[in-house]
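We just call them A, B and C in the order they show up, numbering each chain from 1.
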Amino acid sequence: MTTPLLDVRDLTVTINRDGRPITALDKVSFSVNPGEVLGVVGESGAGKSITGAAIIDLLVPPLKRTGGTISLNGDRLDQLSPKEMRRVRGGKIGFIFQDPMTSLNPVITIGRQLCDAIETHLRLGGNETKRRALDWIARVGLPNPDVQFKRYPHQLSGGMRQRIVIALALCANPSLVIADEPTTALDVSVQAHILQLMRDLHRESEVSMMLITHDLGVIAKMADRVAVLYAGRVAEISPVAELFANPSHPYTRGLIRATPMPTADGGVQLDQIPGAMPGLGAVPPGCAFNPRCSRAQSDCRSVVPPLVTQESSAFSCFHPLERDVA
Amino acid sequence: MTSQTPFLVLDHVSKVYRRNQSLIERIRKMEEGGTKAVSDVSLVISEGETVGLVGESGCGKSTLARLVSGLMAPTQGDIVFRKDPAGKTPRLQMIFQDPYSSLNGRWTIEDIIAEPIKVHRLRRGRAAIRARVDELLVQVGLSPTDAEKYPQEFSGGQRQRISIARALAGEPQFLILDEPTSALDVSVQAQILNLLRDLQKNLGLTSLFITHNLSVVRIMADRIGVMYLGELVEEASAEQLFRKPKHPYTRLLIDAAPNMDTSDRSLHPIAGELPNPAFPPAGCRFHTRCPFAQDVCRTAAPPRKATPEGGMFRCHFDLDLSKEVKTPPLAKVKTA
Amino acid sequence: MTSVVNTPSAVRPRRSRLSKLFHAVCYAPGATVCAIVILLMFVYAFVTPLFSQNPFEFAGMSVLDSFIPPMWMEEGMSDFPLGTDDQGRNLLTAMAYGMRTSIVVGILSVVIGLVLGGGLGLIAGFVGGKVDAFIMRVADVQLAYPALLLAMIIDGAARAALGAERNVTTAITIVVLSIGIAFWVQYARTIRSSVMIERDQDYVSAARITGRSNLSIIALHILPNVMAPVLVIATINLGIAIITEATLSFLGIGIPVTTPSLGTLIRNGNNFLQSGEWWISVWPCLVLVLFVVSVNILGDHLRDVYNPRLRGRS
């Protein structure tokens, strides 16, 4: 049993609306093992991005962390002072945002931004810092690092900007990288490049990764284990092959069957989950998925199902789907 | 089927977005440059058929949708609809990508859906119009009680249903769908796609379905056109396109989207980056990224070739691309 | 078949606009107070003259009653609750006549500015290109002049042109026109920028594909969506217009002193401020402030009420 690198227990985030607290994340627990890629999937509003932001204490008010523990390598992140947290952010934990245009400062050259990040966390001194920055520009696959070093973000294409964001996230040798929808804003052909780059860098540096996305295809190719979020709760955590072959939670199966895929036969009717995910503050009693679930029974409507661990996977469902024995 | 007069013919259609010229350029009367967003596209749509258009950003698919809808006039070429015996062009409707900006926030749902009915005078009298609105709301999976509400009281998926109801209210003979599900979540997208497919089947609509998602277009379309930098590079039946693509770009695009197969985790990026559409490469526009590119591709634009199955493609070679293209593993991806 | 179709319409009762407005006002007590204040002032300004002698006509003046202070002061008289001015006019009634003029001038000039600026802004935003450039350059030139100065120039030019033929009606018309013209730029700019945003929205494209003409797209789709910010400006401008009229009249180039307006009353009272008869100018000042503040607060709230985009968010 490996000790996890990142361990999140009962993480709860509330949003204060008109003086009334509304639960946005409800006791979310998961862990990331060293060198592992944990995929976090869910639809918009499921709480994926809030989870990522809560870990590095970047929640935007009125969102507020109100409970739970977060430990990285045994250190409690939730008890750090804002100053100590700043050192963790970008140092021990790197962050890749969805939109590369807003996560880079538009008026500073990319070389300067890389140097700043390296200098802040590694304190190497001028020449060494610059050498590292040039090295990183080359490592993320941009030609002519010397030229790129002096360029501004708007002079780069979307794919190249996202490469720089990745370099920024990794340049301080973090032990964990949180990537929040890193390829959503990109075209299909560019997306594959960025995923390939992330995979290569992950193999080289053995950094752990939390990959937040809504795209099951990205999850299937990149993740080792997958956490499925629904309405601010963990529905299921499973190894990736098992999740796609034998999902336990009805929502997971519904999500997989609702995704149109190139390999699917063109004539097949897409399965659909009826209804929509409940909005903030409108989560029904019991299992949050019960109004849309074909297997829901009376217990699902009254009691919140706990996250039960079974062999390699965990799920929160009273009536899980049977495993295919074959 | 082929003996029918085609419903819609696009004949060598081009659209150039002119760029703002500087004062000096204007004084010197320099030739106006511009981005050729759509370049020499020819396409025929038969009655009752759904034609899909796929491509990445900047390929001109949305511009083409606007040209077909009449919101813009083409710079060159003709867009001709078949006229009915009375000499009238068919009624059009369009469903847009953004479910937020496509509905007037100051109108009630009833007013929004009733607009095409009133403009085309499809029903007379308040009671008849209201009955029709209720009927349409039920048809797209909403409730007649929703008619009183305003668009902002609905989620993205519900708004897209309202857009669909509005489009159907105009009893269109031709429907243009511009990325109708790309702003939606997976489970809602499936609902909308199923709804659209049912409507296609029951109403016998002729439509143009535009998307960047190959899987979606495969489900929705009878025939598919693939666009790259303003050009239609391949066009074939949905089956044919996925089974035996003829253009390297089609093949690479199919492979690039990650599928849900966890046993083969290889990724298939297309080499290089999308060139700036304002300055497309000479010769074949895809040569900068094509693994099969040779000298001829860099100088000569490939001819339009017809396939025996009734499709067409633009490539100098007649490649067999029915299998995945094995590109060497890209240890270091080099960008152009 | 018909019964099936008819039932759904029966189950949706329609809430009237009035009841919607009523509900909205109930949620905003501050705006309600302002609305009541404005309503009372309108009643005061338009009903009082029906029952009283116009103090600006000869029969309404009585030099014997001049400079009587408010009734609660020594020498005060209950016949003149707020006192009288130098000509012995009852200030309570004089202010009603003054407010009537001020409100009429204010509303008319706002309407002129709104129609002129709104129309030009709509054209500039919708048509774009050279028409837009021309209208907006004219607006830029006008912006270089302060509104008050502009009103004075227009006023002076009109006086010079009309010469001796002026009477009270033409004087008021000139004031209304000059204030209205001085404020069109603000409406035009606001409407233009909103129109340029709305013009490219998909719902406009949808209406166009459906076959709506440009004119009906502007009237039915764009105008309702760009009116909210303009109505707020218009209410605030109603206050500014009244102040501008008061200023012009105070400076002696607006409405002649023989016609009551808040401005002429203040101007008249100003002469006696130093000599202790403060009430002659302070009452009209207070009424002016109260009215303008109420109009502004109400304007802000009306924007929220009439903007359904802000509704349904909670």
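Everything below uses one rule, namely that a contact is a pair of C-beta atoms (placed from the backbone, for glycine too) under 8 Å apart; a residue touches a chain by one contact, two chains touch by 3 or more.
Bear in mind that the values here come from a model prediction, so they are computed numbers and not experimental data.
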Going by the average position of its CA atoms, which chain sits the greatest distance from subunit C?
A
Which chain pair shows the largest tally of C-beta contacts?
A-B
Report the inter-centroid distance (CA atoms only) between subunit A and subunit C in whole Å.
55
How big is the gap, in whole Å, between where the Cα atoms of subunit A centre and where those of subunit B centre?
31
In whole angstrom, what separates the CA-based centres of subunit B and subunit C?
51
Touching subunit B in the complex, subunit C uses residues 5-6, 8-9, 11-12, 14-15, 201-203, 205-212, 221, 224-225, 308-309, 311-313
Where on subunit A does subunit B make contact in their complex?
43-44, 141-143, 157, 159-160, 187-193, 195-197, 199-200, 214-218, 220-222, 240-241, 244-245, 254-256, 258-264, 266, 268-274, 276-277, 279
Mind pulling up the subunit B residues that touch subunit A in the complex?
56-57, 155, 157-158, 185-191, 193-194, 197, 212-216, 218-219, 238-239, 242, 252-254, 256-263, 265, 267-270, 273-274, 289, 330-335
Quick one: in the complex, what on subunit B touches subunit C?
66, 69-71, 92-94, 96-98, 101-106, 115-116, 119-120, 127, 130-131, 134-135, 138, 144-145, 147-150, 152-153, 163, 166, 170
